[in-house]
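Naming follows writing order (A, B and C), and every chain is counted from residue 1.
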């Protein structure tokens, strides 16, 4: 077995010009947000808009001669369903396998490289891949000619989630200029790949100010904060949601997992004051947007769902259009 | 976690006028046979007939702009395949997941309500749901706007099975008037939700007389017998198949499970004389219909399969048309 | 439960004229290579060629009114995906279930016969079946009218693999006459059903000479060697790859499993000198073809993949066309 690549090695690799994307996505692998220029991000967003207004008949034929494989090595309803539905909605033939570890030759010791080569040989035009290894999407992409779309690789990257989060922010703030938005991230900022990727993308789009609210043990990695600052983002870090609540244009909540705390008390203490309830909602801006990548447990209570600013289920819907856009751009349909 | 609703609470809820269905199914949730009027039952049956005689080209486009999610939290080949095939045969985009407990966010603690809201956000037009909780279909239906079709909720309801059983009875008795039929139910009548639902529907259609053959410990619940009597059905209960065998126009067999008996002897004794063999078939009416919801183990022996009155596999086929009818009625395609 | 049929019983059964296939495949079950005449093999190959050159629009409608069930009781990516993709590519409605043991009524004790009868009742036009019992495909075929396509039954048969291997040999040797080819089989020749079936088919096509390289404990079964000799094939058996390497027109490698050896040493010794490395590739003919049914572990090293003679991933691609051909021939689309 090859030694797994470390995060720095993966990013160093993706920094090479041939991995960078400006406005031509055809045949490109989508591995990481690190590949995306400002132009590329806007291209995805405008393509999503185009698809949303396209007549059903035309949209449902956009990829009718294409075949898409959706291979999931880890459980997921939302992302699996979203990609599968996106490919169907564009008229592609779709073959989804959501139990690759149980049903594929992976359990017989076949490498990921051999599995994706097999899919390429079977005539698929792209592979959407969710895998537990950080370097899985890169390894897969290097093994074959057809494009890989990374639907989550280990704890490191989930670029399509970041792109759908960007669309959600733009749409739900009614097309406010990203350069005017203050985004507040809350929860597990140390391991939360969605926060890492989204903050990068919003920095590329010119967001001027971001706040990061987390327990001390789950703060943003230092290098990510430094990267944001280098891009000119003013960053604030705190463990108190109260401090920044009223400034948020976007409030992005993530789940804090029990496993990072040695005692139940430490866990409960870290979460105290972080739960989003109707009382908290009363204090945020009337036009603010509340987001969550889901699934949620109780970090946002069910009573909040009926608040018009609660955008997390609409966020899922924005994801469908973003994934359709990516499939169409990559496959050039 | 919310406390699960009890059967009486669920039925009380569904008794409200907005849940009742007469002849307009569009956008309606199909949760329970309790929602169905006589007119509604006939509407399903006539729609199934229409679809069966419709040219392939037209039928295969009936739902071509619709998307159907088929979410199963419990194993099932027959119902899963039947619904998935039904939606395909009408030209819908179908996304089926038959391992929701393994592959979805359910194992991360996501509520059913959040899962179905996600599916709604992804643009599905209906969700076909099989779940182990009695109140699952109702909970799901109350969480979203798009219609839920209950493909089995806990031990309580399986309304589409009851409707396909009605179609089987009508078709296999060559369109005899339900008001002339004597139906004999055999087996586990205490826990058998198919028997509970079917007997209700046949009572609504005017069936005059039903017999119930079961071991003492597995008799029909008292309230269901009372409900049938209130509708004017004459009911007979016995533990001896011999007593009623020759009167049956329809013989509906269900499986008796070992788990309800404290000893192997008690189990075997309860089943003695209940097995359907060629010798038993010699004694029933020449035009009688033998049904079983399947899977069967040995309560009907394989030798019986070639008897023209053995309708259980044709019963599966009737189910396909009934499920197509329900999808078409609910989605208004 | 019925006693499972033994290999000899299965083959004796298939020897009856009604199971033999010459050039009309419509409605026929594809259970075993034993059913196939020379004419039938060429028919599959020529149909695969026709499909490959057919315009997309026409090919994608070849089976548009057909429904195909793909039922897998054992894990497999390659065969499952290949058949599912093949049916999709011909425009059929496809319903694939790759966890039949987990999600079907099989775990409730339903027989395979009852399961396939259910699928037939649901209107499927054919069933593609992978099952762990040697006699599964035959049992299934005898239970229903619609054709069964065997996608692997126990350790005994995998006829579509053998057919795709034949196509690979013909294509990769640039349409050389099979009567001029020396094929060398390497690895587990005792239990390797792909070797058993392929050697039979190549003998039917007139291959004059075959070599069999294996550890002593994994030699070809005596009756298969005898059968090949009866057909006029000159056979060589050896445990040394070196002896025959330079004569091979086709080198067909299979995996040797650890479980057949009592000690790690015996296992390693048996495999020593059998691994295909770039050094080995230097010694084989410049136009030779290297095949493997996959998955491979380390019996062919990754460095060999870039050798133009390494045909194992193209082999997967040939399989797609062969499976499309079989579906089209059987369903008469």
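Keep this in mind: a residue touches a chain if its C-beta (ideal position, glycine included) is under 8 Å from a C-beta of that chain, and two chains touch if they have at least 3 such contacts.
For clarity, every value in this text was computed on a predicted model and none was experimentally measured.
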| How is the touch graph of the chains shaped: line, ring, star, complete or other? | complete
| When subunit A meets its copy subunit B, do both sides use mostly the same residue numbers (more than half shared) or mostly different ones? | different
| request: Averaged over CA atoms, how far is the centre of subunit A from the centre of subunit B? Could you give it in whole Å? | output: 41
| said: Where in subunit A do residues touch at least two different other chains? | reply: 99, 102
| query | Considering the complex alone, what residue numbers of subunit A touch subunit C? | reply | 65, 67, 69, 93, 95, 97, 99-100, 102-110, 113-115, 117-124
| request: Flag every residue of subunit B that touches subunit C in the complex, lowest number first. | output: 56, 60, 72, 75-78, 80-82, 84-85, 88-89, 96, 98-99, 294-297, 302, 313-317, 319-320
